[in-house]
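In the two complexes below, chain A is the common chain; its partner is chain B in one and chain C in the other.
And then the complex of A and B:
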């Protein structure tokens, strides 16, 4: 089941198309990373999902309910932490937690205690005197302590020092048993998303470029290099799934975006008889760069 | 605390880095046969990785014979077992080739590479088998 589902979700600001026909499905129980550069449409997407913005067209369903009709019952099952969130900064940490506690029938005191220990928050300090990292941890605590079915984090890592980031992630994992809840996290930090998320959606220029389980994304991409090729007369036929190709005398390099184990490796040897084939797995960053280059090459080809 | 050390670096798939770190700890004797292997939950928290990734890593280590699982007890480091022909071929083909390429590129003579291999071999395993 999908805990979030959008259909052709779009939003304009004046003439600017911030989000353009987004079809997104977030499976229940996943840690879903929404990845994209600044200005790609991540925050707009999340604001539309949280009913903080109305779509210009299209629909979003969250927990099975139209985002425009999300009420108190649904909001009590959703946790939301944003980098630009308005918090009651005149309250102390203790006061803030005490203020949130009665709002949620499912509030878990034991979990509150665990997170307090984990985050080492100064209870008697006012929110306005907290560092950015501390503030994010306080916001995370009150969004997790009622064990929401869906936790939405908008750019939670930006501006956090490495240690705080580490504590933040640990806090998140400390209480996450596989499949217990769904986490949607937006970020432009590829390495963080790669570690944390088992699903990855890539958004750029207001459009969803891809969405896939991290495992299958990593599993189907390989960097292939063939060296020592004898000079060949004709041109070789390569499948369309071999992207980001480069060729020079005796050397071919490409990314196989449809890698399938030994069968694929047999095909490399058949396509390049006499060459020395090396195949290696790729990290997420490298995959995205290869995909982006391939996209650009296609656009260039279409324009020519 | 984890019984092996790994510092995750960008650019190499996370699972591969962790699999390597575990195997290194096993061959070097840092994790002897019978040592308890951390639970999926512990792996996930200590390494700050997705629980599913941690699960996949544990499964792979079992599949490769590095770990054995006992119901109710969890995973422990397995007794050493001989490599499959395919694994041997992979190591002696690809990985050794990489070493040779780097060495030739840097102009390191063969005897230096061999003595360095010997030294690492002794450091990590002790005997010459």
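And then the complex of A and C:
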């Protein structure tokens, strides 16, 4: 079952199309990472899902409810943390937690205690006097202590130093074992997403480029390098799934986005007879960059 | 309900400092008022007034912070507010914000009511004072909230507010220009058309409309989320309010059917707090032991503005080249001897030749030096149109002439501080030093309405209208002898016998001088100090012409 589903979701800001026919499905229980470069439409997507913005067209369903009709009952089952969120910084951490606690009937005092210990938040300090990392942790605490079915994190790592980022991710991973969460996290921090998420959606220019399980994504992407090629008489015909291609004298490099084991390697050898083929797995960062480059090339081609 | 209280408590905690400041300001203002009621401030007067003025300014700022701050704490605008992604009912939030604003409105009103009640005001006055306070304060607070609803931060609020002010100013300018161009003023004298009532009706309509519209905008913006529409509605509402203020046609405050109050009717309404009862031996006004003075008096025409002013010289040259100024008589001078004579009839005024009052307006046409040099000695023709208010004297109260005696009418309290009577030959000079105090708050407005007297300053925003209202004239009347003395102006007070001694606020001290023949101690013992005030009863437009005018001496 999908906890989030969008159909042809679009949003315009004046003449700018921030989101263009997004079809997204987030399976329940997954940790879904929404990856994309700056301006790709990640934050707009999340704002539409959280009913902070109205879609220009299309629909979004969150927890089975149209996002425009999300009410207090649904919000009580959603946690939301964003780098842009305006927290009541005049409150102390304790006051902030005390303010949020009565809002949620499912608030778990034990989990609150666990999170407090884990995040090491100073209870008597005002939010405005907390560091950015601490502030995000406080926001995360009040978004998790009631065990929401869906936790939405919008650029939670932005502006955090590596140590704090690591602590933050580790904290998320630890608490994710406590209950049945679905976590949607948008970021352009690929390493953190790779550590955290078991599903990855890549969004660019307001469109969803891909969305699948992280393992599957890693499995179907390979960096292929063919060396020692004799000069060819003409242009080689290559499948469309071979992206981010680079060719130089005697050397061809590309990313196979549809790697299928030995069948694929046989195809490489057939396409590049006489060349020495090396195939290696890719990190998520490499995949993301390769896909972004491919998209850019397609856009340039279309524009030309 | 618990969610409502939860938010209300949160907002109260957030606004605790401004709330404390608000209460402190109220306490300081009231303390100053009570001091003014019972003591002459002496040399400290200016300092106290400065402190009071500062407190008043802080009070207004704190009100603004409260009204705006509570909205900006959980702004419906934007996508970053914390509450937007929490399980809040929009309806509960909207109601909670409105209730908070109601508290901001009601606290000062309640404090004033308590004070007024302590001063002996009855339930009717309390009710009207409460209504008056609420009507005066609600549109301001809710309008601030309605503007805040279009902003996410104080900075945005300030920019929006400034833009609305500028827009309203431009629209007002255009409206005024249109009115002048099309001469919407009705030509001819319109005595008795209760224009003051109409003006008050318009202001009341605007106040109610602004309050209702602002409240609806606040609720609507919290319930649904059409930001641009809100800005459009706020702007349209501001413009509509302005148009209403100018064009509202129905006078629903007029009480034409009411009988014109006679002196004894008015006297019968006097009420005293025990603290304020006149000293022993004085005439008890409650007994109605007052001279029978008929009302209404004659009308006084007071020019207020002039247009189309032109001076044409034999050479064909016209001035002004740089506008003109019509110096209207001040409120304190807006009375004429003739009106007083009519008012005190059948009593005879003994000191007519001694009474001094500046009358009429002076028209000043500034010209440049070279023009003046060229036209010096020339005689030209002056013409123009004048807009004038028509005022009438109305009896407002009286008190026995003895040191320490006090009287109150409506919110006004007058105390005779000292009497000096010196006989010089056939005439005597009686000097009376008066302290005119007031009850705190906007009760002046309330009394004006409840007392069925024309509300000349309804909704004007004067917090202490009683003292600021200096359009009274004092007459010493001996009812047994059917004789009266007009107050004249003491040297050193210029031509404004009623001018306040400190900055035009709060306590008014007046030195009245009654100079007249045949005044002795026996005459004074039977005298009552009577106060009239001017009220506007109509407006008029007329033209003026003068065939033989010349340039006066230059003024520097």
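Just so it is clear, the second predicted complex is superposed on the first by the 271 of 304 C-alpha atoms of A that agree within 3 Å, B and C clash if a C-alpha of one lies under 4 Å from a C-alpha of the other, contacts with A are read in each partner's own complex, and residues count from 1 in each chain.
The rule is short, and it goes like this: a contact is a pair of C-beta atoms (placed from the backbone, for glycine too) under 8 Å apart; a residue touches a chain by one contact, two chains touch by 3 or more.
In this text, all values refer to a predicted model and were calculated from it rather than measured experimentally.
A.B. asks: Following the overlay on chain A, give me a clash-or-fit verdict for chain B and chain C.
C.D. replies: With chain A as the common anchor, chain B and chain C both fit in the superposed model.
A.B. asks: With both complexes overlaid on chain A, does A:195 touch chain B (first), chain C (second), both or neither?
C.D. replies: Once the two structures are laid over each other on A, A:195 reaches chain B alone.
A.B. asks: Could you tell me if A:86 is touching chain B, chain C, both of them or neither one (first, second, both, neither)?
C.D. replies: second
A.B. asks: First (chain B), second (chain C), both or neither: which does A:102 touch?
C.D. replies: Only chain C is touched by A:102; chain B is not.
A.B. asks: Is A:285 touching the first partner chain B, the second partner chain C, both, or neither of them?
C.D. replies: A:285 sits against chain B, while chain C stays out of touch.
A.B. asks: With both complexes superposed on chain A, which partner does A:47 reach: first (chain B), second (chain C), both or neither?
C.D. replies: second
A.B. asks: Would you check which partner chain A:75 touches, where first means chain B only, second means chain C only, and both and neither mean what they say?
C.D. replies: The answer is second: A:75 touches chain C but not chain B.
A.B. asks: Just how close are chain B and chain C at their nearest CA atoms in the overlay, in Å?
C.D. replies: In the combined three-chain model, chain B comes within 26 Å of chain C at the C-alpha level.
A.B. asks: For chain A, what residues appear in both contact lists, the one with chain B and the one with chain C?
C.D. replies: No residue sits in both footprints.
A.B. asks: For chain A, which residues count as touching chain B in their complex?
C.D. replies: Those residues of chain A that touch chain B are 31, 166, 169-170, 173-174, 176-178, 191, 194-198, 214-215, 218, 278, 281-286.
A.B. asks: List the residues on chain B that touch chain A in their complex, please.
C.D. replies: 8, 10-16, 41, 44-45, 47-53, 55-56, 94, 97
A.B. asks: What part of chain A is in contact with chain C in the complex they form?
C.D. replies: The touching residues are 47, 50, 52-54, 71-73, 75-76, 78, 80, 82, 84-88, 90, 95, 99-100, 102-104.
A.B. asks: For a test of understanding, state which residues of chain C touch chain A in their complex under the given definition.
C.D. replies: For chain C paired with chain A, touching residues are 2-3, 6, 10, 13-14, 73, 79-82, 84-89, 225.
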